[in-house]
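The first chain written gets the first letter, and so on, giving A, B, C and D; residue counts start at 1 in each chain.
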């Protein structure tokens, strides 16, 4: 382990915060990062809960005051695992205080907020302060391998993008209201939460930008009880679908839902070109489906590649082939990338610019859903 | 075998005509239809080819003259397996001549033509003359079982429709021009050819109508050689995507392509509701994927039901469980339904009204693709 | 269609006879066989049932007398679809009467009977009379493609054979006794019935012979009702497992069952060598799973090859890619092979020698099950 | 976190030791174990390597002397991750020194050694000292759920066990010799290493003991280079197959291999009874395939249950549904079970008696492979 530490301050202690904590703890004993992460401080809304979480998860201190946290001298990185409405204030304050920032996705709840954050990040770079948005699925070995496969020209010219992120945790009308359904805390609901992953993956893997969209959003259950049983009105969408033009020729289909019967956490995508395709499902995160149209016709077929070989991204540090990794380790690789970028004095990827690019698409889909026509995605 | 015959006259002898022929020959020795089909006459464009095909396939006579065929006294049914631009003339002439008609899908190349055909069919019914459009996939046991499952309320209230019909036979730019790419013979290309199946299945299985669409169509390869090597310009789309509103709440995603790498003939659909879902892939036509949300939570999961039990539609007449049927027998069941309807003096399903309903959606998608906005589907 | 006919006489009219009938009817309009099969005569145990079946299936005449049938001047081929105990008498009588013979598998119920049949077939060849045993699965395109793939050295040196043929139609103890459970009519029960397929496929695909076996057989339900409700004692096995040595190095695992919960007709096999493997499941008969160990390590994986391309065996005569064939057409290709061999004056494959080779293994497993030790397979 | 510590001393620092380390570190922040594990000391063969590993993995001290380690006053548990030939000495010394022991599987390299260990463990219990053998796959949620499903009678009376553990890391003859191929360090090679998992799972899930076996073992590549390139002769088997009788009626098939093309780490099993079945593949460790024969016939089918619900074993402490766990967390649950047993003063499961039961089967297969006949498994 290196002597130099990287002292982390985390905001939030929900399940994503738990996953980030695991990543900060795991990265050092699995990889050889140039800086040693230290779980310095955790902030939550309520002091008691934050203290309990900090003790259980292994954080050295806890508070209910993120504003102090982002100014602590003994903290180098602010890891934002709070709801989206808090992202801009926390991130901008942290960047101004000279802290590197890792911010959960989506970057913000509105396009304006995302723009402010990206501007702050751009200025912070001049002071050597780095920022990263947590599109964690980029850091699954199968996705990183798919990216390389496509970038190497192995699927030829892009023809089709088809993707869906389907969950069913809201399928019962009696499931209570959640901050994830409140437009104040969660913006465009499922479109922002799950859609952000799809949009980023489609743009990242294809190497193209979504330029135009036509979409619709849905609330199937307009009334849900609060956690303590009072009725509330639900506005944030539970499902959304959109068509998205990438470049001149390609129209992709996108769908997100939290009421999709039978789908627990099914992020499925297929990207196909003139020479081949790749397919993926996050419920089987160690597998990439590869189709290679250059093989002899009689031998062509969809191939299940188990992305667990030492030659695959990040795997050499893990287990022998076929000993699969869980969902959580996308975060381990994500924080590794951040640590390395900080140590090297480089900008990590994906930066806030990527977060903003995704936000532009979310915003365009939401507008298209209101106007009923195709909407051009705003460029930064 | 019954004594009473049903004398068939067929127009066309391409691969679909071969499949229909197999169906007419197979239905009698597998089921006990009330009328015995007889392969009386076949008509094609060129006399030689028609004669050769008739001899090989077992038709008693052959000609290059469909206009005579539809007026022959010794023919009861006209089975139209010709390109779409010929459907209206043949069908209307046959109906006027008092022949029952089985017409391949899509019903026509234009909405106007489909309307004329539906009108002719409606008038013919008054004279006891029946007509049917060949949405053959309705007659796969797995689809018929899915229909019953959904109609029984087993998936609850409809939430999601997601379907795609993907092929790759045009993926090479050197693959020659085909009548299937010529707007004169094939109308809206892949949207009409493959889209018709998806639209019909979505409406049939859900029991709902598509009311509004937003879509785009694509030509990736604008120049292809003709069969004899001269360059042609391609206009008919090779791919299309659209969103489709069913009822108030549901937006489905639809995609068709003939340039989808790795997909030979992949009609996949998933229809999900508040209580469950069904999924299907025509490359595995004997399987239905069923999700039942009413099972105990810890036992829920997607179930692969092999639709080869005697209790499943049509299966009792076939082989023991697990001895799977091929694609072709959708047609066997389709002609069985037609024979029974004729014998019973009922209208077969799907009739030309269903063909027209699908045509309205195709037309709306094509218009939406031109205007760039949501388009309401014309009602008959 | 050729002028010259091949006049068929069939013994039996159960479900396999129905499948053979379909094959004889289909082969001519799908392929261009050198002789035109004619459904001349069918014989069954009871005259009424035979007549009814003949009429429904399209046979020109019917009787309850196979002994006359095999001597009819107007019959060229005897197609034996009767229970195994009748195979030797019918086949030998037919061969002596100068009729070509297609005999369902297993060739016989005992090794001695199989030897007599093989001897009769060998002598008949001298008179130009051909015989074939109906290992129909060899005639699935996926299996024929697998055979070529292995024969081309694509999986390297054989290492592993793993196969199972699992059904569940006897899982209920109340399911009545069947001739398939009677040692008189069905010999070693499931071992002979389903095991014959596995043994033949393992030997055919590997190009090796099973030399030695160690196995066990099982009767789980020793008492079943007859069809009319009287109790019977069941002796013929419902399940069997064995290890089988092929050559010096390879030990395969084999399993057959009619009480395997959830398996309707699951013939699964995997054959692996030093360079690759092939896998197959008869419930998805159009798919071959191919693993090619010569691809770059990071791209290796099991590939689902849809064996429906024009370049695949028999497919050019059928439908476009991805339009799958059913179980039944293995028989269509089987009778095609027989017709061509007869027309060419060659022995068809697999001949009675192959049937005998399989019988030797069945016999050895049955002996091993009794003695509890490894048993060497008798060579012819 | 509790105040009371459980101080761990580990022997070994290969990949399994890394997995155990991760488990000891993870268990506290995921669950609420009654004792807090502390990574006190690690011992390896070479001091330098041990020190480097200890630092990287987070152990407080390191040595090359397990004999001192097992006697340290400040160590409560000895976690044995060393090759099998060292298990007896280390485990017995540790037990005698009053340390609880977690010993990797297989328990030992010989039946005699396993017996000594089980005897030592039995005596140690009288002094409140606990021991556990690391059959980690029992601690996957899908396996624990399968156990409960079977124990609840949901598959009825056992009929079939079919399992295989297939890897391919030795498929190249040039892959160097390993301690896993040396009979001194690894006993019966793949039979012991991978076979131990299958045997334990078959006995654990079925609730029955293997009473008799017939098997064969194989060395395909008899000469391999050592790591530094000198030729060696290989004796320990690379593959083994056996039939195994469980109770009166059931014969299971078992296969293990390290030269199975295309299988990286494929532990597949199916256990079927008179009413249903369960299936599993460790490459998809979050999924259990369930067949329920009590559903209506037309709806029966193999169901893919994603074992990631809060109601499933251990899951409540992890992530939301569909966010899958990796292979490693079987160890997290394994050490949780050990910690809880120690805290409660109970024997953990599986104990050394279970390790011995498995060793008896391994020994019987090895003997059967030499004698060529069925061999009865020695009872303790």
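Points to keep in mind about this one:
Keep this in mind: a residue touches a chain if its C-beta (ideal position, glycine included) is under 8 Å from a C-beta of that chain, and two chains touch if they have at least 3 such contacts.
Just so you know, these numbers come straight off a predicted model, no measurement behind them.
Note on A-B: across the candidates B-C, A-D or C-D, the interface recurring with over half of the contact pairs conserved by residue number is C-D. Between B-D and C-D, more C-beta contact pairs are found at C-D.
Subunit A and subunit D have CA centres that are 36 Å apart. If you average the CA atoms of subunit B and of subunit D, the two centres end up 54 Å from each other.
Between subunit C and subunit D, the centres computed from C-alpha atoms are 42 Å apart. Subunit B has residues 300-302, 306, 309 in contact with two or more other chains.
By the touch rule above, subunit C contacts subunit D in their complex via residues 155-156, 159-160, 162, 164, 166, 171, 214-216, 218, 220, 239, 241-243, 245, 249-253, 255, 257, 259-262, 272-277, 291, 293, 300-302, 372-374. Residues 145, 290, 292, 297-306, 309, 311-312 of subunit A are the ones that touch subunit C when the two sit in their complex. Partner subunit D is touched in their complex by these residues of subunit A: 1, 15, 18-19, 21-22, 25-26, 28-29, 32, 55-58, 167, 169, 263-266, 282-286, 306, 308-309, 319-329.
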